[in-house]
Structure formats: structure tokens, C-alpha cells
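Structures for review follow.
Each of the next two complexes has chain A plus one more chain, namely chain B in the first and chain C in the second.
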Partner chain A sequence: MNLKATIGMETHVELDTESKMFCSCEVIESEEPNISVCPTCLGLPGALPVPNKTAIEYIVMLSLGTNCNITNEGMFHRKNYFYPDLPKNYQISQFDFPVGINGSLEIVLDEELHSVEIERVHMEEDTGKSVHEGSGRIDSAISTLLDFNRSGIPLVEVVTKPVISTSKMAVAYIEELRQLVIELGISKGKLEKGNLRFDANISVADENSNELGTKVEIKNMNSLKSLEKAIDYEIMRQSKQVEKGESVIQETRHWDENKQVTISMRTKEGSADYRYFSDPDLPNMIIDQEFIKNSKKKIQNLPTDKRKTLKESGLSLSDSNYLDKGEKWLYDLYLSTVENTKDSKSTFNFLTGELQGQMRKAEIDKLPEWVDSEKLANLINLFETNEVSFTSAKDILAKLLGEDIDPKSYASEKNLIQSSDDEEIRALVTSVVKDNQDIVERLEDPDDKLVGFLVGQVMKSSEIKVNPGTVKEVLLKELFG
Partner chain B sequence: MSENFNIDDVSNLASIELSEDEKAKLQKDLQIILEHVEALKNVDIKDEKIDIHPLSKVLELRKDESKESLKHEDAMMNSPETKDGHFVVPPSIE
Partner chain C sequence: MFQNKEMKPSELFEQVYETASYTESVLHAHLELFYDEGLKLSKESDRRYIKSESLGLLDGIPIAIKDNINIYGYKTTCSSKMLSNYVSPYDATVISSLKKAGIIFTGKTNLDEFAMGSSTENSAYGPTKNPWNPDYVPGGSSGGSAAVVSAGSAVASLGSDTGGSIRQPASFCGVVGFKPTYGTVSRYGLIAFASSLDQIGPITNTVDDTRIIFNEIQGYDSKDATSITPEYLKLDNKKVKVGILKEFMQEGVSEESQNEVNKVVSLLQEKGHEVTEISLPLTEMALSVYYLIAPAECSANLSRFDGVRFGIREAASTSYEMMNKTRSVGFGEEVKKRILLGTYALSAGYFDEYYGRALKVRSKIISDFKDAFEKVDFILSPTTPTPAFAFGEKTKNPLEMYLSDLCTIPANLAGLPAISIPTGLSKNALPLSVQIMGKPCSDYSVIDFAESIEEMVEFNYSANLLEENNES
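Right, the complex of A and B next:
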């Protein structure tokens, strides 16, 4: 029996607003606990929630960016459960009328485009943070410490349909979603800061079956690396069970980063037990055409648009995707540089390989102010037209990163320019051939190793740099006609 | 009465411990509420406009501006136990 895996992703995106979702407390990044809290986000009795307009704009932008239909009359529900980081004992969320439904997100896998169907995009609020105090092992904690600075920060949950089939595809999806929220300017999109948090629903079934297998939810994956590993592990675990004829238990498991396995969380509550009901504090939310139009106006450059521009410059899909997902300055630098160079691929290679590599080595994360696209284009053109060798180009770049030089003048000054002047080279070749008659006589064909030796002799005999390609060409013509 | 709901499930979900006497009393009360709901199901609303929310008011949105929050000391004031600026509660692990 051949098995196939089916994966659905649930991603929480923390929005980058000034104030929280339902109160005016500032959204802060601070280690100091409980300094941006009020009766609303502490869940004190009698406090009333008032939604943040910008957060609603942002979720509409994200819904549009994922090609969703917008629900014009939506509402908020209470999701009821007990946990100390949720002091109201319910989370304000959305249930059957989410802001966005039935969308799709285009992702890139190597040289192929795929579309991931989106089921829903809904608004909710974040919880507080708990720290378990004790011996370090959570099962022997002696008390729990609570910080509500995060409580009430606007969160958008994006849920895909079960349409993802591999861990690689899941990673590409998260990368795309992350780039989308950054491009939209609605979230900082930093995984390490928890701006994006994701769970995966995974099931395994016979590839010929139309039905999905039993779904297992995986939580606690903090990086793309752990997402990939957790999915691969879980597919393997479930496949083994199915192959042995055992049934997979529907449950929630968490990824243990140290042990590199998924572990059952033995959760008590099923999904039907949240007792969702419409929040009586919050009347229906009308998102009319005017509101949608205004939100749309704020959308500028989507990742798909960026990839299109990059592809039009002559890059492959995967190279375009690389620049689209990379830092903004590199994307901008590439586009302005390639305007003045002849070859997009070698421009891409030079900037992403040589330039980024040297910057890493020199431990600089920003280009010096004097390094602009014009100088880089000049430099790329110097080796593209064989005026300097690639080795010299690398040296010139290293110099350029340290001080303000003009690549071309520097190359002439340091005698790095290779001559491709045929006349000049022919004279050199003639003289070398004359001086090495013994070797010339031993030559049998143009592929003879001795040709290389003669090219070397020509290079050596010249006071200026000559282009070895041209030398070889002239030499072969001289010797073999 | 179409369904007999389980008072133990409900008290468990609500995290409220009930004595046998309380269970018996609440079982009866809640059963009556369910009967009311059952009666509502018989009303013909085929041609009615659906009012999903009890209020006919439309949600007002607030401008995204932060304002001063509670002072830290005031926020912690009613807590029986605090530590390093945190609220302290009994160990709770998901």
C-alpha cells in the first residue's frame, strides 16, 4: 500500500499595531512584565472591548492578499476555555463568520508554482504569557508566573485547507505567508519573536483513497527547521502505524526539540467543547465596500508582483523567489544594478554570492554609502566583458567595500585590465611562437595540453594583463588556421 | 425532551464543582431551559430576516492609538501573590 500525507496549516500572525486589539494599551516588546495592561486585557469584571480599526484594516488586507472573499457582515465569538494566561476565561475570536473565506496563496517550490487553498482568515486576540517556576521540568513546576503584556495583542489566524503534501511545501507556504505580511506591512513577521506561530494538522492514508486519515495536530514548532522535521517525523510515525494495521489516535502532540520527536499532550478538550457563542459585548461588524476599497489602497507590492518583476528581468523562478524572500535592500539593489548590466543571471550570482559572501566575511550587514548600483554594475560589466578576470573583480569588490573607489579607474591603476586587443595580442603570440619552436613542433591538435603552456607564456611575456580567452583564440588561429 | 444532557460534562467544562444536591437541582433547571429552546425550534422562521446578533447596533471601531495603561502597582494591587512583577498562580500545565 502506498501512503500519502495530507497537511493543513494553522498560522497565527501577530499584527504590528500601536495599540492592542480591544483596548488602548500599547503593544510593547519588553522583558518587564505587566507594564502595558488595563482592566480590559486583564479580564477584570465590567471592562468592555472596543476593536482597533487598524487591526481590522490589516486583516482585510491579508484576506485580499490571500485572494479571500470578504464577509461583509461578520461577528466576534467567545471561545471558552480555562487557562491562567486567559483571564476572561474566553478568547474573543471568530467562528462561523470569519473576515476572509475561500482564498488561495501562490507558493514557489524549486521552479514550480503551486497554489495553496486558504479556508479562512479570522481575527482574534493573543493570550498572556506563563512561565513555569520550579526545577526546570514543567511537570515538577511549583508555581506559574503570569505576564499580560501580550494579552490582547491582535492576532490573525490563517487556516489552509488540507492540501499540503510534504514538509517542504509546508515550509514554502509559511515562507510565502511571512513575506506577504511583511510586504503588506501588517506584521513584523519575525519567527524568532513569535510574530508567526504555526500548528500543522497531519494525516496519512492510502494514496488511492478519497478519504483522509485520522488527523493529528502538531504544536510547538518554533522555526521552519522544526516545522520541517516535525512533519517528517509525524508522517513517518503515522505511516508505520497504518502499515502495521493499527489506527492513528486523533490527538494533539507537541514537537520536542531536544528529543526530535512528537509527544502526545493528552488534551482533555475536543474542538466542540469551546462552547462558542456570539460575544454580546460586540455587535456585528460591518465591512462595507468603502472599507474594503480603502484597505486595498494600502496594498502596494505583493510577493507575486515582486517575483513577476524579477522574472521579467530574466531570472529563473527559484532565483526570483530567493530575492523576493530576501532582504529588501538586496532586492532593490539587484533591480537597479541589472538595469545597467547585460546578464541578469551573472548579476544575481555576483550580488547574492560574491557580494553577500564578502559582506558576511567582513561582518557588515549594510552596504557602505558609497557602494551604489552604478559602481556594482560597472564592476560586473568589467568581468562580463572580460576586461578584468573574475579573480580581479573579487579583489576590486573587496577594495570597494573598504573605501570609495571607482572600479574601472582602480583596475587600470592596478594594471588589472586585460587586453582583448587582437593586434597587440597577435604580436605577442607571434613572438612566443617564434621563441618556442620546439614545442610548437610537438603540438598535435588544438586540445593538446601544450596549448595551455603557450597561452601561459604569452600572458607572462606581456607587460599588461591580457585576456586568456582571446590569447588562446589567436594562438589556435595562428597554429592551426 | 429530545436530549438528556450530562450535568457532569457541563460542570467539568465550566470548572465548577457541584455537590449531588446541586447537580440534581441544576439538572432540573437546565432541563427546563432546554425545553424552552426546544419550543423555539418549532417557530417557523423560514421567511424571516436572520438577526444573528441580539443587538441591532453596528460595531464601532476605535482609532489605533495607545493610551496610558494601568500603573504596574495598581494592576498588581488585588493579586494575593506576586513575584518579580508577575502574578503568581498555582502550577498549571497544559
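Right, the complex of A and C next:
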């Protein structure tokens, strides 16, 4: 029996608004607990929620960015469950009228485009944070400290249909979603800060079956590496069970980073009853055409559009995706540089390989002001036309990062311009062949390592820089005809 | 009174406080009295009048506040053990408005725990007595707020009305009680019972006092998303069409209560108003609908009382056990009953049958009222099916207790303004009232019309307790 895995993702995106979802408390990053709180986000008696318009605009933008249909009359529901860091013991969320439904997100996997179907995009408020002392878990903690700075920060939950089949695809999906929220300017998108937190629903079934297997949910991950490993582990764990003829238990598990395994958190007996009902404190939110139009105006240059532009410049899909997911300045730099170079691939390689590599080594995260796309294009063109060797180009780049030079003048000045003049080179080759007759006699075929030695001798004998490619070509012609 | 220097605010405050000092021992209407601060503030008010810098009609008027409305720095207990130690760190919007108007707070008044009840018998701090006869209940849940006005230990008060909690006790205590249109008075700072039904309103001796206080507390509040910017309808009250609701003039409503309506009808007809009988069959289902919607909302609203951030906390070895114990100890029986009822009504598998269906009937009731108000300007009915009942009379039978809100609940379900004014006495010498309901945002017209009835009926009785004490 061949098994296939089916994965659905639920991702919480923390929105980058100035104030919280239902009160005017500032959204802050702070180690000091409980400094951005008020009666509403503390759930004090008598306090009421008032929706944050910017947050609603952001969720409409995300819904549009994921090609969802917008529900014109959205509704807030109360999701009832008791937990110490949930101040009202219900969370204001959305149930049967989410803001966005039935969308899709285009992702890149290797050299292929895939479309991940989105089931819904809805809004909810974040909870406070519990710090369990004496143990990591609430049931065995000696005491629990609560911080409500996070309580009430707007979250958007993006839920896919069960259409993802591998861990790589899940990672590509999260990468795409992350880029989208950054590009939209609605979230900082920092995984390490928990701006995106994801749950994966995984099941395994016979590949010929139309039915899905029993679903296991892996909760609350915020690293792509963990996501990939957790999914792979879980597929393996479930597959073994299915192959042995055992049934998979529907449950919630979490990824244990130390042990590199998923661990059962709780068994779901049916589904939890959250007793959703529409929040009587919040009238229906009307999202009219005008509001949608205004939100649309704020959307420009989505990752898919960027990718298209990059592909049009001549890059492969995966290279386009790499730049798309990278930092904005690199994307901009590439596009302005490639306008003045001949080869998009080598421009891409030079910028993402050499330039980024050297910047990392020099520990600079911003290009010096004198380094512009024009100078870089000139430099790329120098080695592309064989006027300087790639090694020289790297040296020139290093120099350029340190001081304001003109690559071409610098190359001439430092005698880095290499000759590709055949006549000149032929003379050198003839002379080297003559001086190394013993070696020439030992040569058996053009792939012989000794050819490289002879090329080196030619290069050494020259007063000026010569292009090693041309040297080799001339040498082989001389020796093997 | 203050303007023409008949009396100083501090003198009125002292007088009200003196009344309180002998009525409170019998009535237990105030849970807390703010004597020191009240006296200080009333003296500040004195000075404003001397300098002709009064803040308006309400400057220096002593008003009592139901103890489910937050006043900064004071306890808000909701008459619950759960909040016995809870001091509010903020003012409700109505409190801020009244402070700006120069009002002096006499203190906080007793209620049925979390406003759930019709007699104040559900208060964790003991019941309030009816000033007309201490053997009888003052009604509820705003029993304390109605009793203080009736007894004169405050000039007026604020109550909250979810299913009749202002109008029913006002009726039982022979004073005026007004529930405004839903959304006209901010609920920010009112501890929620059932959010879609709760509304703050005044309890006063006269309809004019109601007008003045309503005028001060109404208006849009950005802190309450259900708050509206009211565009009040102004009806010409010279000749109005009044509908008598058939469903509240039949079995289930006492003859005494029906007679008050008939008495008012005759007076209205004498003045040339047009009176017709109307029928809204669904109002007979209002009670059932209410007892699904209100508990459902309260089951979530009261979840926040868990011992984690405020209120009492019972010691336990885990946080869940702590929440569990705290809620078991902190809530009284009626509150627990309603939380259970609401939790059940919202549960998977029962939602559609109970809560879902209740919502559908509610929207039908709303549209029925809308149709009715195409034909009539106001709807007249008894406020309560009977006058005040004796202590213990209905505690054994909750359904009978619930029936005392029969006539008041529809206005909450439909969000309508409704006022109760005293019109006569029962054979037991207890007050009886009529209720006037109007279309949404016709609040001032309802008040004006009630005032005209107030003039016609000339209800000049006052509570016995007060008279007896005055004689002694």
C-alpha cells in the first residue's frame, strides 16, 4: 500500500498595528510585564471592546492578497474556553462569517508554481502570556505569572484547505505567506518574534483512497526548520502505524525540539465545544465596496507580481523566488543593475553570491552610499566580457565596498585588464610550448591535468593579464590541432 | 431650588443622609454610603452656586448608583461575594457624565446578584425591603435604587434594566423608572448581565427628574461599540394614538393591574386621545426567548470572574481548580443556575434548537413592534402583573418569579424606550403602575407623554415607612 500525506495549515499572523484590536493600548515589545494594559484588555468588569479600523483594513488587504472573497457583513463571535491568560475566558474571534473566504496563494516549489487553496482568513485577538514557574506546563507549575501586554493584539488566522502534500511545500507556503504580509506592510513577519505562529494538521491515507486519514494537529510552531522536521516526523510516525494496521488517534501534539519528536498534548474527544455565538458587544461590521476599494489602493507589488517582473528579466523561477523572498534592497538593486548588464543569471549570481557574501564577511548590512547599480553593472560587465578575470572582479568588489572607486579605472590602474588578443597570446603559447617540451611529450589527451599547468605557465610568462580561457583554447589548438 | 437659594446643596445632602440614617436600618437599600466625600463635594457645589458658577440643573443633587455601575476608587460588588473586595480603577461613562454635571453620589445601592432577579432577594448582602411595607419586596434587580428614591434617601438613582430591572422595582416602590432606547446610554462601565439587553436608566420621583437625568447620561460614547448617535423622534403629543396590548390585559395579569390601565385609558379618552386595542401574539413568547438569550449572554459575560485578576480567590493546587472553587464559592444559586442554563443553550447540538431559535423569534418580535408602531404612537400596559409580593412568596417557584417581568421584557428584546409611572394603590396599599413603550429613539416623546399622564392621574401617595418615621 502506498501512502500519501495530506496537510492543512493554520497560521496566526500578528498584525503590526499601533494599538490593540479592541482598545487603544499601544502594541509594544517589552520585557516588563503588564505595562500596556487597560480595563478592556484585562477583561475588567464593565469594560467593552471597540474594533480597531486599521486592523480591519489590514485583514481585508490580506484577504485580497490571498485572492479571497470578502464577506461584506463580517461578524465577531465569542469563542468560550477557560484559561488563565485569556482575560475574559472567551476570545473574540470570527466563526461563520470570516472576513475572507475561498482564496488561493501561489507558491514556488523548485521550478514549479503551485496554488495553495485558502479556506478562510479571519480575525481574532491574542491572549496574554503565561510563564509557568517550576515547570513548563500549567498542570505541574508551582506558580504561573501572567503578562497581558500581548492580550488583545490583533491576529489574523489564515487557514488552508487540506491540499499540502509535503513538508517542503508547507515551508514554501509559510515563506510565501510571510513575504506577503511583509510586502503588504501589515505585519513585521518576524518568525523568531512569533509574528507568525503555525499549526499543521496532518493525516496519512492510502494514496488511492479519496478519504483522508485521521487528523493530528501539531500546535504552535514558529520556525521553518521545526515545521519541516515535525511534519516529516509525523508523516513517518503515522505511516508506520497505518502500515501496521493500527489506527491513528485524533489528538493535538507538539514538536519537541530537544528530542526531535512530536509529543502528545491532549486527545481530542470529538471536537472541543467552544459555544460560539455572535458577540453582543460588537455590532456586525459592514465591509462595503468603498472600504474594499480603499484597502485595495494600499496594495502594491505583491510577491507574485515581483516574481513575474524577475522572471521577465530572464531569471529562472527558483532564482526569482529567491530574490522575491529576500530583502527588498537586494530585489531593487538586482532590477536596476540587470538593466545595464547582459546576463541576468550572472548578475543574480554576482549579487546574491559575491556581493552578499562579502557584505556578510565585512559585517555590513547596508551598501555604502557610493555603491550603486551603475558601478555594479560596470563591474559585472568587466568580467562578463572577459576584460578582467572573475578573481579580479572579486578583488575590485572588495575594494569598492571599502572606498569610492570606479571599477574600470581601478582595473586599468592596477593592471587587472586581461588581454584576449589571440596574436599576442599565440606568441606566448609558442614560447611556453618550446620551453616545456618534456611535459608536452607526456600529454595524452586535451583533458590531461598538465594542460592546466601549461596554461599557468603562459599566464605567468605574460607581463599583462591574459584571459585564461583564451589561453587554453589557443594552447589546445596548438597541441592537438 | 439651589438657584433661588431656598437651600444649599450641602443642606440637601445632610437632609438626604439623615433620612438614610434611619431608613437604611430597615430597608438595607444602600450597600455603601459615601458620606464624607459627598459632604465635601456638596460644599464645593455650595460655593459654585454662591459664585453663580453652577454646572447646571443637576449640580449638587444627591443621586444613588446601582452597585453594578463602576465608580472610580469605590467598590463595585454587584451584590456578589465574588466581587466583595473589588474596587473599580475607572469610571463608567455615565458616572463621568454625572460628575461633570456636578452630581453628588450618596452611595451604591443593593441589587439581585449581577442583576439577576426580580426581588433583591438574590443579593449576597441580604435583601432590600420595600419602603411601602417592609414585609414586601422592593422588586429587582434595581431594588435598592428604587427603594432609596421612594424612601427619600436619595433624590434619584441610576439602575440598569435587562428585562425590567428598572421599571419593575420602580413600580413596586411607587416611583418613576425609565429604560431608554438600547444604545442611547453608554454601557461602558456597567457590569454586563446580558449585553444585547442591558440599558442604564434613571429612577426618580417625577417624570421631569427622569427627563433631566436622561438628558445628562444619553449620547454617543466611543467606548461602547453598540452606542448610537440618537436622532430623537419628536411627536406631537396633543392628540396621540395609544395601543392597548391585548396580551397583557388577560389571564396572568391581575385585575388590579389591568384596572390601572383602564383608569388611564378613560383619562386619555377624556383628553381626546385615540385608544385602540392591538395584539402582538409573539409577546407571549417573549419570556421564553428572554430566558434563553439573557442566560446565554451571561454565561459568557460572567466567565471573566475566575479569581485570576480581581475579586476573591479560593486557594487550590492548580489554576483550574482555583478557578473552579472560586466560582463555586463566589457565585450565588440564581447566578449559577443562569450560567448553566446559558451554557446549555449554547452547546453544540442544542444551539439551533434553543439559542438560534430564540434569536429568530426575537427578530420577529422586533418587526412585529415595528408594524405596531405604524398604527399607534405608544403602547400602554401594566408595568407588572401584580403589585409587590411578600418576601419568600416566589423564591420557591422561579417560574412565577420570572413572570413578574412579563410586561417589561418585550421592550428589552426590541430595544424600545419604556417608562413606568405610578398611577394608584392596590387593596394592600402597595403602588401600581402603568408602562408606556414607544418606538426606538422616541425617548423624549415617551417622557413627555408620561408626564401628561402623571398630571392626569395625580398620584400623591408616598411610602408608609417615611410617614411613620416622620410622625415619630
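As a working rule, the second predicted complex is superposed on the first by the 412 of 481 C-alpha atoms of A that agree within 3 Å, B and C clash if a C-alpha of one lies under 4 Å from a C-alpha of the other, contacts with A are read in each partner's own complex, and residues count from 1 in each chain.
The definition used in the following text is that a residue touches a chain if its C-beta (ideal position, glycine included) is under 8 Å from a C-beta of that chain, and two chains touch if they have at least 3 such contacts.
Owing to the predicted nature of the structure, the values given are computational and were not obtained by experimental measurement.
K.L.:
In the superposed arrangement, does A:197 touch chain B (first), chain C (second), both or neither?
P.N.:
The answer is neither, since A:197 touches no partner chain.
K.L.:
In the overlay, answer first, second, both or neither for which of chain B and chain C A:144 touches.
P.N.:
In the superposition, A:144 touches chain B and chain C alike.
K.L.:
Check the residue A:90 against both partner chains and state whether it touches chain B (first), chain C (second), both, or neither.
P.N.:
After superposing on A, A:90 lies in contact with chain C but is clear of chain B.
K.L.:
With the two complexes superposed on chain A, say which partner A:55 touches: chain B (first), chain C (second), both, or neither.
P.N.:
The answer is first: A:55 touches chain B but not chain C.
K.L.:
Contacts for A:78 in the overlay, against chain B (first) and chain C (second): which applies, first, second, both or neither?
P.N.:
second
K.L.:
Would you sort A:283 into first (chain B), second (chain C), both or neither based on which partner it touches?
P.N.:
It touches chain B and chain C both.
K.L.:
If you stack the two complexes on chain A, which partner ends up touching A:25: first (chain B), second (chain C), both, or neither?
P.N.:
Once the two structures are laid over each other on A, A:25 reaches chain B alone.
K.L.:
So, A:45: does it touch chain B (first), chain C (second), both, or neither?
P.N.:
Only chain C; A:45 stays clear of chain B.
K.L.:
Counting touched residues of chain A, say whether chain B or chain C comes out ahead.
P.N.:
Ranking chain B and chain C by residues of chain A touched puts B first.
K.L.:
Under the contact definition given at the top, report the residues of chain A touching chain B in one complex and chain C in the other.
P.N.:
Touching chain B and chain C on chain A: residues 39, 42, 50-51, 80, 82, 84, 138-139, 144, 146, 273, 275, 280, 282-283.
K.L.:
Contact residues on chain C for chain A in the complex?
P.N.:
Per the touch definition, chain C meets chain A at residues 68-70, 76, 78, 83, 86, 88-90, 92, 187-192, 194-196, 222-226, 296-297, 299-300, 303-306, 308-310, 318-320, 323, 343, 346-348, 351, 355.
K.L.:
Inside the complex, what are the residues of chain B that reach chain A?
P.N.:
Residues in contact with chain A: 13, 15, 52-67, 69-70, 72, 75-76, 83-94.
K.L.:
List the residues on chain A that touch chain C in their complex, please.
P.N.:
Contact set of chain A toward chain C: 39, 42-51, 78, 80, 82, 84, 87-90, 138-139, 144, 146, 273, 275-277, 280-283.
K.L.:
Could you please specify the touching residues of chain A with respect to chain B in the complex?
P.N.:
For chain A paired with chain B, touching residues are 17-19, 24-27, 32-39, 42, 50-56, 73, 75, 80, 82-84, 97, 130-134, 138-139, 141-148, 265, 267, 269, 273, 275, 278, 280, 282-286.
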